[in-house]
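You will see two complexes here that share chain A, one where it goes with chain B and one where it goes with chain C.
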Partner chain A sequence: MSDYREMWEELGLDLQAHDGLLEVLPPLYQETILSQENRPEGMGYFDFVFSEIHGLRVKELVEHRAQGGVVVGTFCTYVPEELVIAAGGICVGLCAGAQVAEEAAEQYLPRNLCSLIKSSLGFKLAKVCPYIESCDLLVGETTCDGKKKYYEILGEFQPVHVMELPQRKDEVDRALWRSEVRRLARRLEELTGKRIESEPLREAIKVVNEKRRALLRLAELRKSDPPVISGRDALLINQIAFYDDPKRLAEKVNALCDELVERREKGIFIGGSHRPRVLLSGCPMAIPNWKLPAIIENSGALVAMDEMCTGIRYFRHLVSEEATDLDGMLDAIADRYLRIDCAVFTPNRERLEHIKELVRDYSIDAVVYYALQFCDPYTVEAFRVRQELEKDGIPFLYLETDYSAEDVGQLTTRVQALIEMLETKSGSS
Partner chain B sequence: MSTDADLSGREKEDKERRRIKSGGAMRELMTKYYLEAKAAEGTDRHIAWITSGGPVEPLIAFDVIPVYPENHGAMCGAAHMNVELCEVAESRGFSRDLCSYARGDIGSAVTKGGPIGGLPRPTFLVCCNNICNTVFKWYEELSRFFEVPLFIFDTPFVRGELSFHHKDYSVRQMEEYISFLERITGKEYDEARFVDVAAKSLYASSLWAQVLACNEHKPAPMTCFDAFILMAPIVTLRGTQEVVDFYQGLLKEMRERIERGIGILPSERYRLLWDNIPVWYEMRNLGRLFTELEACLVADTYTSAWTFEGVDVEDPLASMAAIYTEVYLNINLERMAEKIESLARRFDVDGMIMHSNRSCKPYSLGQYDLAKEFTRRTGKPTLIIEADHTDSRWYNRSEVETRIRDFVENLLGESVGV
Partner chain C sequence: MKVAGLDIGSRTIALVEMDDGTVSFSEVVDTTFDPLEQCRRLLKDRDFDLLVATGYGRHLAQANFAHQVITEIKAFALGCHHIFPECRTILDIGGQDTKAISVSPDGRVVDFQMNDRCAAGTGKFLEVMASALGLSLQEMGEVAMGAEGEVKISSMCTVFAESEVTGLIARGTPRPLIARGLHEAICDRAASLLKRVGVARELVFAGGVARNPCMRHLLEERLGMPLLIPENPQIVGALGAALSARDSD
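Take a look at the complex of A and B:
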């Protein structure tokens, strides 16, 4: 990585703490991602982006701001990226995936709060995240009890706008959400001093849809058995999609997909013989949280699909491009985002149906449910996911964990037991 | 540990003099309520399980019997029976980190366990997230378990003032709630009846507020531990005449105690504010400790959550919708800080004890900020103790008692100069 110390210093990072963080990442990346064999060449771009995670992309954000643009940080898939782009901004996902400054975060937050929120605040308090320090505005949403209050605490440090996300999906909820999307649009207009016009919004819808289409194409290729890409690589791409330039990302994902098609035609697969295919379902996995996918794949299975916010939930639905005026586009955006089937919704039948659909379409042998400790929506919903899947005879493994490495041994044992059971089952059938 | 048998005749007489007599009337009222509710099971009468912060007045107006799993959870906790119920839910796959009210309730639904043999089976459910989001997933499971309809009331989180479009969202759901009740009960909405119920609810709530205000007096005629018990009727049956009658009686008793100078503690040296849900299984021990330390818990943020104001009889549904949206647990930290500061000043407290409740995120998140803000605003110290409202497996008695003792004897002793 080039020398970005001056830039980091100007952003107000704690350079010593930041150095410590950057020392940890490369060996972890080497061990988890780069050590995989027979990776497609197209992954080179994503390896490069990751190697420059606090460098080149941050520099782009700094330059964008120097030219009068704004940077908006988000913590959830519910914040419409299209609005930020149409307002001349860059949208970056800020969810954190590593245990950083947990003690400092616990000065503000109780212990019984999920790692994702604690870690996000930890990164802020420790001043080690150049992304959050580059943001002109943070946009939160009322997905869970933890976040409702977390955003208020975060507001002590930076401007925060919170979208009121309804927890149901009836007509009154849609009306509320549509007005919330408009409220965000007004907030962005205040931030930039410019109105959001229909043409830039139309273009932004296309740009983000193109990103989603590219990710959907990659998702489609993951149906291949034997596999053409590992679950870890696919997860990495999804994670990078939250902060990379959307047009460039779409282009690179499409190029990778072209290569994967070619490799498949030539019979080049990553796994060799058949491996048990796992659907990962549950809480999001922000960079550099690859703990569970690494355990699963190092134990001999493949993560064939991820039913999570850092997986297919992020790009599954497109915004309708049929609207002709600004109002219609805003409604189309609101409607698309309200279709996301996060566990905070009640009832949430769509999510169960979608999991079953993924099990069928991706020839899934078992579902591994990843729940962050203290995440009520996903831990409770696990109960019914398990019941539904077991009814269909699909093996289900519930794993509750956090960002620490302390439980790696225990998780590995449980995953290995599942895989052995699958292999025995497969052998006997 | 001393028992009644060790007390002298004079001490017994003093204890009896200080005992709150309305406790008997309350137990009678609640026993009658639970008997009626249980007797209604399997009859034509509708029984709705509802969250503690949910709008109960429409249920009363539609002659539905409201049943409160949280109240039942508190009862199971106080009876030291909730852990075994939680274990039932855990054995079925629910996380041990899920709220212990939810786990205990699920366990009780499955086993009919608890001090009253479980709650009567609901014919439908009403769930409002003005107290937390966990209730949605919890009630969704109940809905599947009992195979009964569930009405969900989603209250927007309030930052600062309640905005017009957020209020409108709540009002529209209140209208949906009424339509839901019409469908379920087959009865038409009777606004006159609803206004009558809302007026009784408001009146009972104002009586309750006056009861709590009696503790502004020194010595305080009750502690908030008494209020935690005496609040059961306002939580479960507000909107009925019986509740109005009960709180009239209780208020009369509190005022008489003030007139006669009867404090709840033999000696009141310190006055404290309590934050969060009680540690139900530990009330007796903590009560003894505070009595010994001459520290009276004169006010709290929990019981005052049921002191509603501002029902507009011209527009009862809309005003009720706003009231239920702006309850204590659904407002932002700035407004919470204002509330605790106001309680501290009104009740002239020497410090605050905050229960960091493993089971309750909305209550416990932000307590560190609130503690600092409280001290900044009032100059008074705070102590944060860790526990769980009904799962005693997360409670370390000796540690908590040592910390409370240290806080009261050392910190408060110094700050009030004794």
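Take a look at the complex of A and C:
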């Protein structure tokens, strides 16, 4: 990484603490990602982006702001990126995936709160995240009680706009959400001092849809058995999609897909012989949270698909491009985001159906449910997912964990026992 | 052919040696803070065609001397099925994990459930509570067995339960009642874990805690069925690993 110290200092980072964080990442990346064999060349771009995680991309944000643009940070897949882009802004996902300054965060937050929220505040308090420090506005959403109340605290440090997300999908909820999308648009207009016009919005819808189409194309290729890409590499791409430039990302993902198609035609696969295919389902995994995918894949299985916000839930639905006027486009955006099947919704039948669909389409042998400790929506919904899968005889492994590394041994035992079970099952049939 | 199974658990390490399919030697030692050294001591002057390791220290063993590894889930299924071919469900309460395993008639794992990440309701939990009561593990089982009545222990977290026990002692609650309450609490935990995989007869109770008479009694009462207990419940995992070695060529 080139020298960005001056930039970090200007952003107000705690350089010493930040150095400590940056020292941890490369060996973890080496061990989890780079050590994989036979990776496609197209992953080189994503390795580069990761190696510059606090460098080049942050520099782009700084330059964008220097030219009068704004940067908006989000914590959830419900915040419409299209609006930020149409307002001439850059949208970055700020979800945190590492245990940072937990004790400091616990001065504000209760101990029994999920790692994701605690880590998010930890990054802010420790002054080690150049992304959050680059943001002109943070946009939260009322996806769960923990986040909702957390944003009140975060608001003491930085301007925060909170979108009220309904928890049902009836007509009244749609009306509320459509008005919330418009309220965000107005807030962005206040921030930039400019109106969001229909042409830039139409263009923004296209740009974000293109990103989704590229990610969907990659998802489609993950149906391949033997596999053409590992679950860890696919997760990394999804994680990077939250903060990279959307046009460039779509281009690079498409180039990678071209290569994967070519490799598949030539019979080049990662992993060779048949490996049990796992669907990871549940809470999001923000960078650098690769704990569970690494355990699963190092134990000999493949993460064939992720039913998570850092997986297919992020890009599964497109915004309709049919609307002709601004109002129609805003409705189309609202409707697209309301289709997301987060566990905060009730009832949430769509998610159960989608999981079953993924199990069929991706030839899944077992579902591993990733629940962050203290995440009520996903830990409670696990019951229904298990119940639904049991009907179809799909093995289901529920794993509750957090960002610490101390339970790696116990998680490994559970995952390996699942794989042994699948192997004897397929061996006897 | 001489094979061996080594179960490196959080509290004990067990070695089972098999010569042409029959157990020719077994030994159990404490894990201590240096499991590798304990393993070396156990294996000293012993030679095997194949050594399979299991237990939480299996990867340590694989990095040093074991030829293969299997999880303790599979090892317990193999071991229990070998001792009791009619076994369909297994409860293993070990040092830091409690497992409920459902097995097929030919001894394959069909489903399993384990405790959460903390040591609630495991052997370690009993150990901490025994020390809070000033009893040895064995004494606590005996005292609990003889108790007339019990107090309800509501917390299963090892740390919170210890505070709860301290509170009960301070209020003058007789030790036998507390000991009994602790056993009941673990029994509740184990029964709910078992119900999640389905309790089918015969049910085998293995792992170190199976040596505790009060726990056996309470579980039989709760589940309404007799439990099959291996003669030495602490070596079942190692036996399973040895069987896996025997069958792997």
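Here is the rule we use: the second predicted complex is superposed on the first by the 429 of 429 C-alpha atoms of A that agree within 3 Å, B and C clash if a C-alpha of one lies under 4 Å from a C-alpha of the other, contacts with A are read in each partner's own complex, and residues count from 1 in each chain.
Assume a contact is a pair of C-beta atoms (placed from the backbone, for glycine too) under 8 Å apart; a residue touches a chain by one contact, two chains touch by 3 or more.
Just so it is clear, the structure is predicted and the values come from calculations on it, not from any experiment.
Q: Of the two partner chains, chain B (first) and chain C (second), which one does A:Gln30 touch, if any: first, second, both, or neither?
A: After superposition on chain A, A:Gln30 lies in contact with neither partner.
Q: Under the stated touch criterion, which partner chain does A:Thr424 make contact with: chain B (first), chain C (second), both, or neither?
A: A:Thr424 sits against chain C, while chain B stays out of touch.
Q: Once the structures are superposed on A, label A:Arg414 by its partner contacts, choosing first (chain B), second (chain C), both or neither.
A: A:Arg414 contacts chain C only, not chain B.
Q: For A:Leu109, select first, second, both or neither according to whether it touches chain B, chain C, the two together, or no partner.
A: first
Q: Going by the touch definition up top, name the partner, chain B or chain C, that contacts more of chain A.
A: So, of the two partners, B touches more residues of chain A.
Q: Thinking of the overlay built on chain A, is A:Glu400 touched by chain B (first), by chain C (second), by both, or by neither?
A: The answer is both, since A:Glu400 touches chain B and chain C.
Q: Please report the chain A residues shared by its interface with chain B and its interface with chain C.
A: Residues 400, which sit in both footprints.
Q: Tell me, which parts of chain B touch chain A in their complex?
A: Per the touch definition, chain B meets chain A at residues 92-95, 97-99, 102, 127, 129, 132-134, 136-141, 144, 150, 152, 154, 156-157, 159, 165-166, 169, 172-173, 176, 332-334, 356, 358, 361-362, 364-369, 386.
Q: Could you please specify the touching residues of chain A with respect to chain C in the complex?
A: 395, 400-401, 407, 409-410, 412-414, 416-417, 420-421, 424-425, 428
Q: Which residues, counting only chain C, touch chain A once they are in their complex?
A: 56, 59, 70-74, 96-97, 108-112, 114, 116-117
Q: Tell me, which parts of chain A touch chain B in their complex?
A: On the chain A side, the touching residues are 107-113, 142, 144-146, 148-150, 152-153, 156, 162, 164, 166-168, 170, 172-173, 175-176, 179, 183, 343-344, 346-348, 371, 373-374, 376-377, 379-384, 386, 398, 400.
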